[in-house]
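There are structures below to look over.
Here chain A shows up in two complexes: once beside chain B, once beside chain C.
Presenting the complex of A and B:
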């Protein structure tokens, strides 16, 4: 019963946050996007009409032609639903409802690989690629970081501990995009081991595509993992050094529980909630916030799509991407909450 | 069974940049099978270190420097860590740790934690371990329904009972109880002490009680060892220590214990315990002692007063 109430409350909470996100995105993009879009429509219509010599020939008076152009422009603007100002409740409400049901409409300029202008299709094309690269990278980073951090915590003060801590400080101080560029320079141009561009030069329909994608993925993956695990190890190490001093660890040792079980059972599980939070935030953050990394490695994922859409001010794509990344974020936090309960009974609900 | 002899035990901590901390500095005592001894002293006097040293559980950078520990006449110091872990720790000497709140892991069920020593030390199956764990719970006055509960769902007194059940799971001969009643309210304190007394009678275990609370000691202990700054300053049968304390520190402790009809102020001992990294050259209590004489500049010997009563003080030597 309590669990049901909890779920309902969380669902309502999430819906409210998503609605606010959509409205805020519209408020930020609305005014300028409307003006730019209207000008683009006018330009396009005018060019279309003026290039049609036959149509132009029908008008004797330039004024009449101008009126015709204006009426055509107006017709297109109203057919696209741009007559009302962006802040009119009718437009906002329609957009909010559509966006929240994952209908993001047609993009202005950006096209998918198959030429589709449906924003949902475009996003769904990029999403798996981002999940593939960043999901894998985050998981590998976290697992490596947890294992190394736990090992360092067990031997706090040892040479291994000092090396791990030093590496964490150094690797965390370098921006990933800069290391990425150096890695491309070294591995692609000097050593010629990995391709410089992460986008395979063959169409996605090609049967060789998956293998090519994995090969192209190697360099960004290695760069991200090697730069990322230090920070994780540092955090896990510090959490676990505290846990390992708890009385119940000494009791477990006295009872004869093997060291590995003490480290990865008793100590790591008590430290789990902050680690799971980090993991959830890192996973969801990497999906939306990897713009620069994807741009450096030219990885055809959500980050690069975001980057393009912002450059072109392609509002439906920006709104769609913002919505999807917010959704991913909320779902990860929700899953983290559920996981807490499983890992730490003190937080369990109901 | 369960006779423990400790002779000249020294357990120091070795911090990297300071002189060693002599937390237990030449402690000798004897615990006869089935009897009980209470160690009393203020925090930092070395009682917990003594308990941990006997179980070889000293946290780094602590270690045993010298001394002899014999269990039923067998020297324990000669055992390797592996042998000690397999055959002595928790199996023959076990411990109820200080702080009922922190001694149980928050993320495992009571049943899981009770089963651990049975599984890892005796190699029992999960089913057998569970059955014995339920018996252990019943023995300390709890129900088997607690098996699937978590420590945070239990009261402080229940947790301490679980801890005692866990310590007794392998049927040890000696139970070291470190502040078993601290942080519990008076009624629960009394219940836990009665439980310990009852267990001692039923199971015939020897109990070594470490506490700062003279009242707790008087409930259980046949003998009392008063500890100050890493040393035993007075040792003897509890009725003798209560009726005629000899060491000025013991007298001070007695005077500092509150009494219901005591009236006026509670007496306190002026000053602070010494830094165990750099204790006084002579009597360690000397600087705080109101009865100090010139001889106290030198370390006092342990003086036998007869009837098993001895005191480390120049006033009697």
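Presenting the complex of A and C:
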């Protein structure tokens, strides 16, 4: 029963956080976005009516025409639900409920590849690409970091250890997007090994598309992995140095357990819970933080979509993406907690 | 959590060479900041986004030290603003001489040159004469011109003018020089002043065919002034080259050293103020939450959860777009997301310490909650706060750089991130303008490296298991 109570409490907690996030996003965007949207509607309606010569001819004096335009604009504004101010409880509540059920509505400007303006479709189009690049990068980074970190921990204080620690400090201080810029300068424009833009120039339906995508993915992937594994190695190394000083490791050594098994079978196994947590957080963190990297490499994923939406103040897309990334983060924290409990028998929830 | 007084923390910290190296790096960055504030005029920094201020500088010129690497000896772009001034008189005429001396050890000719001056005169127009003295002692008259006349009896007013290497006047004078000195008859149109002045002597020097004459040159301007009120306000000489300064220039002719050097104190103040304020706020928040407990604790921790779960970068961008992007605002936004982590640590530490028997004893002795917090809980947390500050400085510096890179920096306060934004916008990578992208990022990396090294060493000094390894 304790477990059930815990799960319910967590779910309620998550729902509350999500609701607050959505409301905050709308509070920040609301004032300026409404004004911009209303102006855009008015302009659009006006040009539409004025281009319709037949319709304009029906009006005798300009005042009448003006009244007609105004009534049309007003009609469109109320049909889009913009009559009430953004902070009116009715509007906030309808949007919040819709967003919570993953109905993000129609985008203002941004269109998907098929021309769809459904925000959920647009997000679902970009999501796999972000997962492909950042998921692969995070996994490779973590595996490389764990192996190197374990090797460094085994020889703590050795030259290898010092090199790993030094590289960790350096790669942690370098902004990834800057290294990306330099990598593009060097590998794309000077040596001409990799393409400069990560977006393949052929349509997604083309059979050659997957291969082209992988080729275009290589440079961002290499940059991310080479800049990322140092930090991982540093964390894993510190965790394992602590583990290797535990009494049970000494017992295992005294028993004559081979050093390799002590390292990977005992110490790494004990360090697994925090490592898994970090991995879950890194995987989810790569979605929101990918914006600048995707902008530099021109990778058509969620980060670039976010950036485009912010540039155009396309509120439904911004709200949808904010919601999705918060949701992914909360779910991964939740998963990490559960995994922690499974991997570490000392911790039982409830 | 074992308490570690600040004094013994330093004793422990001292043992890590990387930590000392981090401190040394930080000290040199601070020295660089002091240098920037003292030596690089604030005026130049303030004019960063004003294109006309930079018109005398070369466009997208690499740094001067590339000459040492390539061995090409390309001419350095020179902007000379401090002439040697001499005043004399011929009868009633005031003669003011401005002399610019410079070395020209390069193997290629300058692209062009420009002499700018500003005079003050009344009714009688002054005369200006520009000549060049070469390393071989030959003196060439370049230009002689009278300033435009003004109406009779008018007050002395300022007048700005310039002599360009492309003026036809110069070619005619140099053709005369060739005819008088060497007996060569050359058409003025075949003469290239920026080459002939810097060429070795000989029959084909008119277009520089004899090669560059290396050595010390002097350009001399003589102003003949007739009125009592008349004076020379200022003058400057620009010798147009292909490389410039320590950091080169960008596409908009800006001297990158100004932005990069001034970027140091700006980045350090952003990083340190965000880190220190976030740590203080987080510490206070966590200690109050943990010590007070109950409903308040629950409420404060839920708020903490929200701040932790909100995607930081998108919200930073939204805030910058809707509320404004002045630097102080950006610092506030960064603090908004910076206090969360340390608040959690401080809360759990406060919970632990609160449960200790000696706290109970102190409370029974009648100590107030403030006394318990400030005498017993906060001092134990200070070493951790220091480590936290050291590691959040680079995070804040890189976050501001990221925002600026996306074009959301404060336009009045140029930062390294903004320089990188401009580089990206002008296609520095595609055009191979590597110095534009390299140096600001390098400074970003070095500043965060200093704090990361300090933070890592503190981390190890604070963690008993890591000590000495």
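The rule is short, and it goes like this: the second predicted complex is superposed on the first by the 348 of 350 C-alpha atoms of A that agree within 3 Å, B and C clash if a C-alpha of one lies under 4 Å from a C-alpha of the other, contacts with A are read in each partner's own complex, and residues count from 1 in each chain.
Note that contacts are C-beta pairs under 8 Å (C-beta built on N, C-alpha and C of every residue); 3 or more make two chains touch, one makes a residue touch a chain.
The structure presented is a predicted model; accordingly, all values stated were derived computationally and were not measured.
Enquirer: Check chain A with both chain B and chain C modelled on it and let me know: fit or clash.
Expert: fit
Enquirer: In the overlay, answer first, second, both or neither for which of chain B and chain C A:88 touches.
Expert: Touch status of A:88: no partner.
Enquirer: Which angle, in steps of 10°, is spanned at chain A by chain B and chain C when each chain is reduced to its C-alpha centre?
Expert: Once the structures are overlaid on A, chain A sees chain B and chain C at 90 degrees.
Enquirer: Between chain B (first) and chain C (second), which, if any, makes contact with A:106: first, second, both or neither?
Expert: neither
Enquirer: A:292 in the overlay: touching chain B, chain C, both, or neither? Say first, second, both or neither.
Expert: second
Enquirer: Does chain A have more residues touched by chain B or by chain C?
Expert: C
Enquirer: With both complexes superposed on chain A, which partner does A:169 reach: first (chain B), second (chain C), both or neither?
Expert: second
Enquirer: Just chain B (first), just chain C (second), both, or neither: which does A:79 touch?
Expert: The answer is neither, since A:79 touches no partner chain.
Enquirer: What is the contact status of A:43 with respect to chain B (first) and chain C (second): first, second, both, or neither?
Expert: Neither partner.
Enquirer: What is the minimum C-alpha distance, in Å, between chain B and chain C after the two complexes are superposed on chain A?
Expert: Across the overlay, chain B reaches chain C at a minimum of 10 Å between C-alpha atoms.
Enquirer: Common interface residues of chain A with chain B and chain C?
Expert: 245
Enquirer: Taking the complex as given, what residues does chain A use to touch chain B?
Expert: It comes out as residues 245-248, 250-258, 265-266, 269-270, 272, 343-346.
Enquirer: With touch defined as at the start, can you tell me which chain C residues reach chain A in the complex?
Expert: 18, 302, 305-306, 309-315, 317-319, 321-323, 394, 398, 401-402, 405-406, 420, 423-424, 428-430, 432, 434, 437-438, 441, 444-446, 448-449, 451-453, 456, 459, 463, 465-466, 469
Enquirer: Inside the complex, what are the residues of chain B that reach chain A?
Expert: 55, 57, 59, 85, 89-90, 94-95, 97-99, 102-109, 116-117, 120-121, 150, 152, 163, 166
Enquirer: What does chain A use to touch chain C in their complex?
Expert: By the definition above, chain A touches chain C via 13, 16-17, 20-21, 24-25, 28-29, 31-32, 156-157, 165-166, 168-170, 172-175, 177-179, 181-182, 184-185, 188-190, 196, 234, 238, 241-242, 245, 287-289, 291-292, 295-296, 306-307, 310, 313, 318, 321-322, 325-326, 329-330, 333.
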